[in-house]
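Right, one structure below, let's go through it.
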Amino acid sequence: MKTLTEKYIETRQRTEMICKHLQVEDYTPQSAVFASPPKWHIAHITWFFEEMILKKYVPKYKVFDTNFGFLFNSYYNSIGERIERHNRGLLTRPTVERVYQYRAYVDDAMIKLLGSVSDKEMTTLTILGINHEQQHQELLITDIKHTLALNPLYPQLYKNNLINRYNKNANGWTEIPEGTYQIGHQSDDFCFDNELGVHRVFLETFEISNNLVTYGEFIAFINDDGYKNPEYWLSEGWSWINDNHISNPLYWKNVNDTWHHYTFSGLESIDENAMLTHISFYEAAAYAQWKGLRLPTEFEWEAASSKLHWGTHWEWTNSAYLPYPKFKTAQGAVGEYNGKFMINQMVLRGASIATALGHSRPTYRNFFHPESQWQFSGIRLAK
Amino acid sequence: MKTLTEKYIETRQRTEMICKHLQVEDYTPQSAVFASPPKWHIAHITWFFEEMILKKYVPKYKVFDTNFGFLFNSYYNSIGERIERHNRGLLTRPTVERVYQYRAYVDDAMIKLLGSVSDKEMTTLTILGINHEQQHQELLITDIKHTLALNPLYPQLYKNNLINRYNKNANGWTEIPEGTYQIGHQSDDFCFDNELGVHRVFLETFEISNNLVTYGEFIAFINDDGYKNPEYWLSEGWSWINDNHISNPLYWKNVNDTWHHYTFSGLESIDENAMLTHISFYEAAAYAQWKGLRLPTEFEWEAASSKLHWGTHWEWTNSAYLPYPKFKTAQGAVGEYNGKFMINQMVLRGASIATALGHSRPTYRNFFHPESQWQFSGIRLAK
Amino acid sequence: MKTLTEKYIETRQRTEMICKHLQVEDYTPQSAVFASPPKWHIAHITWFFEEMILKKYVPKYKVFDTNFGFLFNSYYNSIGERIERHNRGLLTRPTVERVYQYRAYVDDAMIKLLGSVSDKEMTTLTILGINHEQQHQELLITDIKHTLALNPLYPQLYKNNLINRYNKNANGWTEIPEGTYQIGHQSDDFCFDNELGVHRVFLETFEISNNLVTYGEFIAFINDDGYKNPEYWLSEGWSWINDNHISNPLYWKNVNDTWHHYTFSGLESIDENAMLTHISFYEAAAYAQWKGLRLPTEFEWEAASSKLHWGTHWEWTNSAYLPYPKFKTAQGAVGEYNGKFMINQMVLRGASIATALGHSRPTYRNFFHPESQWQFSGIRLAK
Amino acid sequence: MKTLTEKYIETRQRTEMICKHLQVEDYTPQSAVFASPPKWHIAHITWFFEEMILKKYVPKYKVFDTNFGFLFNSYYNSIGERIERHNRGLLTRPTVERVYQYRAYVDDAMIKLLGSVSDKEMTTLTILGINHEQQHQELLITDIKHTLALNPLYPQLYKNNLINRYNKNANGWTEIPEGTYQIGHQSDDFCFDNELGVHRVFLETFEISNNLVTYGEFIAFINDDGYKNPEYWLSEGWSWINDNHISNPLYWKNVNDTWHHYTFSGLESIDENAMLTHISFYEAAAYAQWKGLRLPTEFEWEAASSKLHWGTHWEWTNSAYLPYPKFKTAQGAVGEYNGKFMINQMVLRGASIATALGHSRPTYRNFFHPESQWQFSGIRLAK
């Protein structure tokens, strides 16, 4: 089994692998309010270790740069002033090079600390920091893709287009019988606070699809005027597609009557057998309505998860992101982690091709606003 | 027991009672996108009977005015073009007088029809129309209040300020034991589609407060800098109060260091013993967080309802408005009723002083966006 | 010659004539930020007499209602708090009836005052008040039209559609020789402060059209893709038509391939020989560019005015609204009259069918933003 | 006298000098809609030479990259699709390195062309291209400053803070007698189309200040509640400062009760004797009103220019940017140059420390919206 130091190093290296093909220019822009610049991500996840661990456990620790707290803090209102979120993309300084120096400086201190001190709370915080970095790795990937996709040159970042590789891999339905199910994280392994509080949920009998919806199936929805018929849409979903002139999923482009989409390999024609991704909850719900079916709840999903193939696409559920019974917000800055986002967001379960190995489990609760499209999200149906 | 005709007449008369003290000028404006002009309400609920019933069941029925379908349709996308929602307040014509003529015309036809024809579907639609009108009665009251409250003259509409009368009427907590509870409407009486599909929900043991939060208790939250401390607020609630410069509940005004609020009797000093109303979900959730408590779920509320005093204030729950298992959208325009709003809204349970008699039941699911303040909403805590 | 009292009465009566066919409902709404409710207009012009004259010249004058200063003040920042401009349409109280009582009350006091006191400054202020009311009469007409035009019923207010009556009444061009011209108001008659400061302007030789552009001529511009070709448009005009999806003048509607427009007589087919109105500066400038011609400056217009037929349509000039040399802002509230608007607006010269008799003169400077369409504005070309 | 090739090379080199201290990261962001990324500027001014000259005059010219036309076109609607203006800051590719390769490629071709071909129109276009690049040099400087100023680190770009060096250098007033003055460009040297059409303007006698307003003088305005008193402000200026919470000039920051401002040398305390810059027209007009004085017109400025020290600060005039008599828009893309911006902008005369040598003359008409602050603009008064 890996030591904590090994896990720390592995996580830090994966972040740098993700950025390997970036140009210096790619690190700065913020393509949307919901996204952050790559430079911000890599500095912020480093700042977390410095702020939460090094400042506390390293005697006389010298902060790398006193400005960085202000620049790379995120939502931690308890820790003081932050740069306005929508201005993150204008921070040309510090340079990328200096942010990597910051990473190296913090890595040196962390590795030295982890090798010399053993403290339960410090271990807990380090594991939280590793999981925090893994979360940002996924956002890093999806945020980079969002910026590059806006570029009319459709730049290629990786040679392999991962997404089109994942073809439909199952058929039919799985029936789950009615009964009381245990929901929530049960082992001693790491989990986020929102998974805690094991509790019982009664489920009526339901069936859940063994496969995710494919591009071809979704094209049938489009061809049947799916984006033009209000009957299929939630009222706010209908406003969303009309206000934003949306008539196909994110990153799609019709070239000579053939659907293409932007991938990390550039603009590619769509493989109809592959499993659809970059879909919003609104689109997922409309598709389900058109099919005369529905999305599963997060409890149904968790109850059925051991019988499903999952892990390449986040799967929208029809559950709003809300606290489990007995959910308690932790004290202080760490407590700002999850609870404050429990409104107006929908739960996704599973994991995606962008998720770090070891960062997924059946109780994991991911969550985004219903209009979010830029994650590797797909559709699984229930009835 | 009342006949359907009696119920119809009673409902129609209550609408006119509500409007009794309005001036002609009060009927036109729309004070916010979420509100509608009184004239629009009273025409729209009339249009419902004409469109859904009279056109179908009265042979050779002559529509009162062919333009009214366009003017007074609401969200029924299936029935064709509508006037843009935010322009409803600019419709000076038809006049109020003509809209009352429309009401009388439809009432004549409806009463004649109800007295002569007996048809199961027609009865069902009439009962739906009555309940629809009762829903709009409550909106009529809250929308009128919202317009008058913006008027610097603080006009008096009724002599009695109903709200300040409802003092705290209970103390302590009720404990509900863990177990599987039946949720949803079970009798043959009318209910909305969103209450249907009786199903089982497992609840862990919980306690629910016997009383609603009072004005005095909420003032303590304000005095403890409740509106200034992000720790108490959901992240989007914190943005909401800051973007809108909110530092007290809707309709409140501090006059010489004493809290007043606008009521239908004009601007009045607040009675600290009365039960708080016009509170948003964001404010309710922040208050609960400050108290170290929480809001009940809608399932907890329903399970405990027989042991609670309720009916003067809608009570925010911590449940998002989502379909029950097996929820099915009805076909056609009637099917647009509820399902399409099942996103980004929170459930309120109970009823309020503005709710029509006979329009409340323990399974009733009301729902509004978390920032909505203009309903007669209050706070009940759980733990 | 009319006495001041006669002029006062005549002006006050004309306002009431304009409102004669209004329903009570028509008095309340505000159809756009640039418009005001009729009730506001008729109260505001009354308030001017009360605030500027009666409070000063009538000993122990008793204000009709102390709230009215707050409600019906306009841009007079010196006189204190005002209701927010965009909320004017929500003021259902005071009622229309009470505002007419206010008018009667002020009229009584004014007539008594004018009959008993003779004071130079008071006379000056009364004449200013009369001219102020005449200005609001024109806005009253155009604001009423703007509200009614948004109504899908296209209500008829007057039987005669005044606009379609004004056919092209001249042909050819008038040449004005180069030279130094006197610009500005010269007699002792009333004028606004922005006309004062007679000064010399040198004009190069130019020609000005004897006629205004007709509907038929403008339809030719539309048919030649005038609204689709950026070459004809000022850059901000091009953004304006695209952001607002504008492809024809205000109030136009294409019914079965025939252009109609809303008039006070309802929706009518357009008479191609009539002179075009309700045109923005952007549209006027684009039309001139398409013709290879230009709009006159306000100085050219004034120099040529004695040789032109004018008075039915305000005529856009290519002059920005700026102070004349030696322009001085008057002291106090009256000084807020004109100077503070001298930015981002273009001058119109002439008068329109909605202008009060006696309120027009060749030196009059009207001004609106370049996107304004709702005035009775037309196009005269120069070269 | 310099050859055209020498002038071309000198201009191109100055652009690179301006960028000498930029980091790669600084080239990408767009800090506001009115600004452009440095990379865009340096590519766009290169594209101008390729599009307007090389494609026409070099036989079989091979475009460097066919995508660049789309990416680096600006307002030239005639030349086809462009990237949306507000997305310019998201273009991470092409890289800065590749854009410099583009410059080198175009420079090679231009130098070869200028050395071998002599053609009148080509010469004219080259001179236009040089002047176009000089204009963008000034925007490059002001746009870089705008981005860096938003950075909480206040990065230093140059060691010398040029602005604080320019102390008040004159006193008193110059009187210019009434009379007819020639306005507009008269020699055969290059000028922009908006300066053409020499014409006569009659000016009344006026006095113009020999000096620009200093920081110290403007601080007196602030200290006298200049930003809090609506009497000094144009109505839209008053809205602008209130909507944007403006209470001091751009880049100012009060540190321990001392006014500082961001300069290219970082955050520095303000030298009260230096001449004020980065002032909007609204602020300039309010200052003049507070002083009981006014801004000169552009005609007054031009008539007085030979008697004034000017060249370090652009000087706001009270003239709107409008065409001179006989102004003609050129045909085609070059014709989009100036005429289409002749609305809602005010003229500035003179030049600034950021203006290229040889790019200034007394007839030069610069123009910006009245709220623009980010240019090196100052205040000269008249009476």
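Letters A, B, C and D name the chains as they come in the text, with residue numbers starting at 1 for each one.
By our rule, contacts are C-beta pairs under 8 Å (C-beta built on N, C-alpha and C of every residue); 3 or more make two chains touch, one makes a residue touch a chain.
As the structure is a prediction and not an experimental result, all values here were calculated from the model.
Chains touching both chain C and chain D: none.
Across the assembly, the mean Cα position most removed from that of chain D is the one of B.
The geometric centre of chain A is 44 Å away from that of chain D, both derived from CA atoms.
Per-chain CA centroids place chain A at a distance of 36 Å from chain B. Each chain gets one centre point, the mean of its Cα atoms, and the points for chain A and chain C are 57 Å apart. Touching two or more other chains at once is no residue of chain A. Arrangement of the chains shown, judged by which pairs touch: one closed cycle in which each chain has exactly two touching partners. Interface residues of chain B facing chain A in the complex, by the touch rule stated above, are 75, 77-78, 178, 180, 199-202, 204, 206, 230-231, 233-238, 281-282, 285, 289, 294, 318-320, 322-323, 325-326, 329, 340-344, 346, 370. Against chain B, the residues of chain C that register as touching in their complex are 23-29, 31, 39, 67, 70-71, 83, 87, 89-96, 147-148, 150-153, 155.
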